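Before I ask anything, here is the structure I am working with.
Labels for the chains are A, B, C, D, E and F, by order of writing; each one numbers its residues from 1.
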Amino acid sequence: MTENKYDAGFNKFKNIYGELGISVLQNVNQTSPDMAKYIIEFAFGEIYSRKGLDIKSREIVSISSLLTLGNAVPQLKSHIHGALNIGCTRDEILEIVIQILLYSGFPNALNGLQTVKEVFEERDKKGINN
Amino acid sequence: MTENKYDAGFNKFKNIYGELGISVLQNVNQTSPDMAKYIIEFAFGEIYSRKGLDIKSREIVSISSLLTLGNAVPQLKSHIHGALNIGCTRDEILEIVIQILLYSGFPNALNGLQTVKEVFEERDKKGINN
Amino acid sequence: MTENKYDAGFNKFKNIYGELGISVLQNVNQTSPDMAKYIIEFAFGEIYSRKGLDIKSREIVSISSLLTLGNAVPQLKSHIHGALNIGCTRDEILEIVIQILLYSGFPNALNGLQTVKEVFEERDKKGINN
Amino acid sequence: MTENKYDAGFNKFKNIYGELGISVLQNVNQTSPDMAKYIIEFAFGEIYSRKGLDIKSREIVSISSLLTLGNAVPQLKSHIHGALNIGCTRDEILEIVIQILLYSGFPNALNGLQTVKEVFEERDKKGINN
Amino acid sequence: MTENKYDAGFNKFKNIYGELGISVLQNVNQTSPDMAKYIIEFAFGEIYSRKGLDIKSREIVSISSLLTLGNAVPQLKSHIHGALNIGCTRDEILEIVIQILLYSGFPNALNGLQTVKEVFEERDKKGINN
Amino acid sequence: MTENKYDAGFNKFKNIYGELGISVLQNVNQTSPDMAKYIIEFAFGEIYSRKGLDIKSREIVSISSLLTLGNAVPQLKSHIHGALNIGCTRDEILEIVIQILLYSGFPNALNGLQTVKEVFEERDKKGINN
């Protein structure tokens, strides 16, 4: 059954983050295979696979939380890519950053904006439209 | 024109938070009228009134950010009430709390859950269904 | 197999936190049965049951992290009780608080000390020696 | 020589916070005499006694840092009292709170405002003018 | 009237941060013109232009808050430059960093010190004396 | 007597962090000799030299706090080196990171893991076995 959680999680993870996500995961796996397992099995097989909140809203939750933490740049990048991959627009991402300045202040919003900019540029270079 | 921002903000604010929100605002106004003005004029007249992200998604952003901060209980209460007022379901609120534990850890999620519980109880007492 | 994780986690949890822990868990279970399940199954059945770091050191990690968060008073209380239950001394708890002021500053250390004081008083009232 | 640091720190501490400060210190001393000693000897005998920044500016630094932490209410109260005792005006305290919303967001500013309000009321009750 | 807030804010901003500030602002403007507008119109036209606290004290508030956040290096750099531009001494900046270690711990103070060092070196290279 | 605190602190510091630590300290000393003095005299001469908690447990406290802060990479590196120098195993360090994800979330744990990986690689390059 746990095996199934892993498989369900891996499919969910791959569908959202694609090849970029897989390479991040392999990097984690090199230092701590168990941490990589928890990401897939618990974070994606369990939490992300829950009903009751659609996947786009889940990514909005994740991006809002990561922007508020303010020190989680690699994870913020992954989740912005993921949100765009599953149908968020670039404008929606920018609106989340602007909304967050109310709760988390200008510095976190501005540093979040810089990360957003870098993700947009990475996607432009690869010819990804949204 | 700024006057209009205030009016637009106040209407937006009242529509989301109702009488409970107004009483919070009056409390702020007693100590700092300018802070109360910034909440209405900037936070609601300017940011919450922006296009590009629907109001339900904006409340999801706010609640996610407040849960991540972990020390903003009165604001979290107001925004959970607001989110329920404008159409979020109780299940969706619970899902946001569960999702947040991935980024912000169990303690913030558990303390957020306690706040959610108190809001649900307040609404039950007043006979509000959702 | 997941069932086993739950059972293993519940035993681990009960051994550390005793009746007080069970009542906290029941409170969580009332609002979110899934959150209660994740605490037992993931936090205790999975993470706390890992080899490679003894249980006393794990509680030192938990208390240090909770003191640093600074806003997780109920969880800090539970883990101080737990640490004392499994063999930490009161002096060791106080030393963790003093050590933490270097990394997290005086306010977090002083507020942590207040929580420690309250736990010690609860245990004194119940006639628990350590 | 360390003895002198303690004496210098205690005088500095008493001059800023008065009787209220002493009672806070005695409370700390009951649970951890060494923590109380570090507050006097290191925080006040060493850091607060440094040249190069006047005492009023030091209190502005402390209050700004405590507002930003957002979870240090007892310490924030003590330092607002201290700042008012040594010549800050109530208006200046309110301006610090408003300024802080730019960096730390509305929730921390609003919760800080609530603490400021309580300190003002405590002083009004005791008939203290500023 | 909002137009005037923008103009007042821009003059205030330019007077404090000079050319370096303008280039930071242009970078923000490329990704989010509205965020750049909020910085000028709200942060500087509204908050920084308030009476009741002198501009040097406002920069002390900002630097203390940014040091406490600990993850806002680009903003900390800008505000250290700004504080020095309007009359703070290098020694006063160093004293703020030392004072902050009491509330925010050694790591934030040490990383803040590293940022201060880099700002001092930038100014030395440009032949700016203070 | 303070002189003795400095000497005791310096010996303690050198025994834990070795040459790498000394070079970090010299860097701090260039910008702020007093900050360097406080690290040695207060952090190591006073706090780290206390009885009541063994040195390995103190490093576990430090690493747990630094992982939870999430933005203190240089200090985390130093303390991981220190912990390994005084007898922690690499596996124990990895277990602390995994344990921390419960309280501080996946992003802090994953970024902590990256820092751990870099420390392990630095030690491998220098031919240090543990």
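Convention: a residue touches a chain if its C-beta (ideal position, glycine included) is under 8 Å from a C-beta of that chain, and two chains touch if they have at least 3 such contacts.
Computed from a prediction, not measured in an experiment: that's the story for all the values here.
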item	value
Longest centre-to-centre distance from chain A, chain (CA-based)	D
Interface numbering overlap (same over half, different under half) for chain C and chain E	same
Distance from the mean Cα position of chain C to that of chain B, given in whole angstrom	31
Chain centre separation (chain C, chain F; CA means) in Å	24
Residues of chain B whose C-beta touches two or more other chains	34, 38, 43, 50, 66, 69-72, 75, 94, 98, 101-107
Touch list for chain B against partner chain F, complex	101-107
List of chain F residues in touch with chain C within their complex	43, 47-48, 50, 52-53, 57-58, 60-62, 64-69, 72, 75, 91-92, 94-96, 98-104
Residue ranges of chain C in contact with chain B within the complex	28, 30-32, 34-35, 38-39, 43, 66, 69-72, 74-75
Of all residues in chain B, those that touch chain C in their complex	70-71, 94, 97-98, 101, 105-111, 113-114, 116-117, 120
